[in-house]
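Note that chain A is present in both complexes that follow, paired respectively with chain B and with chain C.
On to the complex of A and B.
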């Protein structure tokens, strides 16, 4: 059921209770979790935090914790699965779902009591949900019994009865078919709604408990959605505008020179930032080599591409030694003019969308970080491949590390995460180059397909969903840019399916699909497509991730699965 | 050499300084005291002889050396005894007013008496603080919040709180609980306080 007043119907209901919070493993959920934690601390609500990475985790943790908690909050998980069926809760358990995954499962939406959805009231989204009458209908008992009672009737009455019951049966069949069609259309595309951290921040604002820290976490959540290409630019800008309003309200003390806040408070600034990955924590040259827009525009894996990149730097007027120098040690004059220089030269070289609206936070003179860097860092911490930990525990200790990294912008874990992010970006860039050179991106008709071989050195980085998705976005953009004009027109509308080894001992690979470049709404049709393909070929797949466009399956079934996918999508 | 046995006492205490109290080295202390007695008597004789025979000052240095050794031995024994008492005092704050039997066996009689007297003065002081007394030994640091956030370091099963509700302690799970009920688990190292 949709909650109209989250403050009254949700927060006041849990004020004197113990809560279990189940958090999905992505940055947006972690940010929402941090905001919730601070709200709980204000009101002394006792809570337990549990990270869940897949649906099976959700079920398992629920089984273990169900006796102790009657109020369960799900962050970024659970909206698109049928909670009542999967978890089979007892009567007194209530679920509060704050999830950005769409489409929302219809059972969750129409359930009266146990499942409550906390969403931003977006009329478009609510209109898209089919009406109650279309989905549910009372079964008349006459229709069932009509077959049994005819024997005792007279012939004429029997015939009339038969006609009436036939009509009813026909009508019911038509209704069921229409229902199936509507549900199919509704669930065809999977996409993302408002991010969870923005919803929780809104809740905090309504209770007048918001402050700069919470705002920073909300910013990180929105940036995460944009950076991992879960939402298009328009939705991102809407989110940013809303956050900007809050930011100017909470940070206005800076403008008044006499009464400005001390340097030791955290301040958030709005800026038009360059879309270069980690450029403040790396050298300019490295950052240009590893950002998605520059990698695809300059084709840095080729020699010609590198020369073009050097030309670009020369055009900007920054000497090469300065570019390869760490950003912190670059000449101050060049640093100040960097944005204007890059913008001017960008147009000549065909770089679009190099600037985007973002925020940065500052604390004291030492610690300044921009939102996208924070997101890179926390993402890297979350999907950190630790070689010493056993497989099951890695998720949980990564979760704790990532929470620590988010706790303050001056946290040492944040720096650690930045280093990890650099490693991961390097892995992406190396592999993108090799893939396009070797021609590993194949066109299978309705989609492009590529697979990461088991022997490749960086395959471990790509066994986690978020990084696999990031890699596929880099690959898709670079591939499309590397084609000739005519082929590019077609390729821009093709989605990409990528396959990577997940667990070598068990022979399991992870398959992900991303929507085509031209589609700014980021609607992903692979969720359903994967399910149908698996059913057809009876492959041993598990659709365990909360994002339905990512599945794991056994290596042997891969080829027939892809063939079935091709047939389904043509 | 003079003073070696005293140094041995100190070394033995130093070896045990991170763990709980080691056994009271009755023999060692007795030997050092005997050595001091021997030195003192020799010194007595020499000084008497020096005073008598003011021309023969050759044994002056010997007296000096013995005197210094006596002072050294005294210092070492005092250090040994004082540090043991300081350790026993810290054990009171760690374990409470009843010490585990193996530690009690390591204390000498006098030390046991000292411990009881310390207990009594500490109890008197705590009783005098505020109405009904204040148990200072309960918290490791002055508590700042009623509830604290803790992270579970190892699997421990269920923890039952005062109001009857149970918390499942699994490795790397985070909880927000009343301070008084997780203090003893923090002290044992099962939970870790997150600041």
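On to the complex of A and C.
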């Protein structure tokens, strides 16, 4: 059920308890976790942290920890899974779910105890949930009898019902039909709600325990959702506005005290920044070559595209040597003017959305980082490919690294993550180029399809969900931009299905689907489509990720699965 | 020890395989599984719209209308019984009607309470009121619903002397009374073989069949067909031969009926008959219905298909000649569709059907091969739900017994060995045994040709067989030991043999061409 007063009904309930926190492996969940940890520290709450990347992890870790912990917090996992059914908890276990995955499972929403959802009140989301009466109703048990399944044998005795009961049965059948339809509609799309970190931040604020550090994590959470295309621009702007409000409130008081805030405190600035990946930690040139909007606009993988990019730089009036110079060592004058220069040049080249509202944090004189770069870094840490993966310990050590990277903006891990992120972006860019050159993106009718081959370079990056997802977005946008006008008009409305090797030894692929470029709502219909296609073809799939639009499956079943997907979606 | 390890007498082996083919195993065990499974399914369905009670507010049931105004049950029943005895016709009719209503609403009908209140003799008396058809109708309805309960409850209706009266009502000039009597008799016949034969002995069949005429309303005809199903149901003992003789022409007619419900029931009736032993199978074949039954395998309604697969599947559990009757109707052309049907159940029964064909003579085995069905069987063997895999294992194993060298070689060429060996890891002893039998037969037919032994070794089958030598089941470890002993061990050359085989296998280009003679043993 929904908690209306999370301070009283959630936080005060766990104050003297041992708490188990299960954290999904995404930046937003980690940010939420950091905020929670700092709240726990204030109140000396004992807690155990457990990273969970899939539903099966959730089940396993729950089994392992359920004896010691009766209060369980789920960060970015659990809302869209029937927890009572999946985990079968004893009556003294309570779950607090802070999760952005939608749609919310209806049992979670309507059960009266044990599962508590902490959401930010979003009327639209609540309105979408079917009414209780529509989906639940008590019936007498003996009413069940007459309905014959397809494969049951004929009944040997039959009672004759009167009109009234026949009517009731009919009414019930109709109700069930209606129910099925309503639930189908409700579950048709998966999407993301308010991010977890913002919800936990909200809780801190209600208890007057918020500060710049906690706010920074909330900012990173919102940025993560936007950067990984889980939410559209509109939703992002709404989030930014809210965060900006908190920022001015928190920093207003300090200004009054005669600017007394020490340089050793963290500062947060709101700014209209360039939406270019890692440019402060790279060179402007490299950043332009690896940011989604410029990659696709210039088609940087082609010679002509490269020429255009050079023209663009020339137009800006910054010498190429400066552009290729590390940002840190760029001429200060140019650096200070960079934003205006880029923007002016961008206007001439018809580049839109090159600037966006964002935040940056500063700590001391040396350490400044903008929110999106921090997100790149932490994501890179989370999906770091470590060569020595022993018994799936990589997830856990990546989790620890990523948390460490988030702990302070001056943390060395953050730097490490930035370097990793560059490698990953390079892998993305290189593959986008080859994929489009070789014509590896195919139109399958209702969707575009592409697959990463086992032998292709850097394929390992793409066996991880977040990276695969980011790559698909780069690819889709670049592909659509590379088409002629009439084709583009069509392709802009097509979703993309991508397939990559996941576990070569076991012969397992990972498959993800993303919504069309034109759809800013980011609603994803692949979760259900995948389930149907798998059922129809009896493919051996595993729908284990919290995001239902990403699945894994046996390689051999792939072609018939994709065939069925085409039929379903046509 | 030595004695125990002696190779089995071929005759004895043949006998065992005959046993597989015949009833004992299949129809019975499968049917039990089906019932369990459908109960399971049903449970799931229910759970779906009932949240766990402990966590959920229990909604007010707005449907509750009837109970609110009721008096305590027993009191009410006493009134009803008293009024039902009344001399006043209107009072009596309304009391019987009330009793009928209690029994025909959808929530727990108070059958036992009513029986205890002594209403049965009164209702049975009402059946005799030829002057008052509404009363007869209401009483018949009430009795129908009482008889729809447990065996005990059905028996109570019979004990009250209702059956002869119902039979008389079949001649009533009021159709609703006739129909209700048919329904009531259906419930009584459906109780089991004893009551079925009792009702038959009182002469139900002829008047029942009289109703099958063009003028009968469809709902009535559905009821009649359903009663015929019940007459055919239950095989311990099966219904009397003369009854079957009487029913079969009707079934031959009804199988052409356009109504799906009637068609489904007709086919089920045939499937019950064909489940009753080779004599009954012969009666069904002689009725000439088989050519009309076979096309229903690819009917558009899954319900019809399910029943049809069962019916033809039962027929091919019979003798080779009986099996041939079905094959003569070009039955195999329907199987590509059935083997790729979206319902697991249908896949399973289709493979079961084929397993009984491959248990037949060599020309029947050849028919399965010629119909191109082997790859699909192997597909089910390697990946399907376990029940279907199991049937596929039977199909292959049977083929290795009844097929000739070339036929078995063909199946090996099609890649049967790896998936077949995989099933050695199954938890189900019966399957393991069936697979071991099959492997042993294949190896025997292979004779000097070592390619098969190599394949078994390469796919890890040999390791599995070796492991099975430690199996707790005596039969299994004996079989496993036998195979190892005969085909994989002994002389030191034997050790080397398979390895040479590996080389040969990899470098011999003819291996890549399945049509080449490599597998000819």
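FYI, the second predicted complex is superposed on the first by the 539 of 570 C-alpha atoms of A that agree within 3 Å, B and C clash if a C-alpha of one lies under 4 Å from a C-alpha of the other, contacts with A are read in each partner's own complex, and residues count from 1 in each chain.
Operating definition for what follows: a residue touches a chain if its C-beta (ideal position, glycine included) is under 8 Å from a C-beta of that chain, and two chains touch if they have at least 3 such contacts.
Predicted, not measured: the structure shown is a model, and the values here were computed from it.
Asker: In the superposed arrangement, does A:40 touch chain B (first), chain C (second), both or neither?
Answerer: Only chain B; A:40 stays clear of chain C.
Asker: Pick one for A:18: touches chain B only (first), chain C only (second), both, or neither.
Answerer: The first partner, chain B, only.
Asker: I'd like to know which partner A:68 touches here: chain B for first, chain C for second, both or neither.
Answerer: first
Asker: Mind working out whether A:48 is in touch with chain B, chain C, both or neither, as first, second, both or neither?
Answerer: Touch status of A:48: first partner only.
Asker: Return first, second, both or neither, reflecting whether A:132 touches chain B, chain C, both chains, or no partner chain.
Answerer: second
Asker: Look at A:399 in the shared chain and tell me whether it touches chain B only, chain C only, both, or neither; answer first, second, both or neither.
Answerer: The answer is first: A:399 touches chain B but not chain C.
Asker: Can you list the chain C residues touching chain A in their complex?
Answerer: Per the stated touch rule, the residues are 31, 34-35, 38, 41-42, 46, 49-52, 54-59, 61, 63, 66, 100-101, 103-109, 141, 144-145, 147-149, 154, 180, 183, 186-187, 190-191, 226, 229-230, 233, 264-265, 268, 302-303, 306, 342-343, 345, 383-384.
Asker: Flag every residue of chain A that touches chain B in the complex, lowest number first.
Answerer: Residues of chain A touching chain B: 18, 37, 40-41, 44-50, 64-65, 67-68, 393, 396-397, 399-400, 403.
Asker: Please name which positions on chain A make contact with chain C in the complex.
Answerer: 84, 91, 107, 110-115, 132-133, 135-144, 148-162, 164-165, 168-169, 176, 179, 536, 538, 540
Asker: Looking at the complex, which residues from chain B come into contact with chain A?
Answerer: 146-147, 149, 151, 158, 165-168, 170-178
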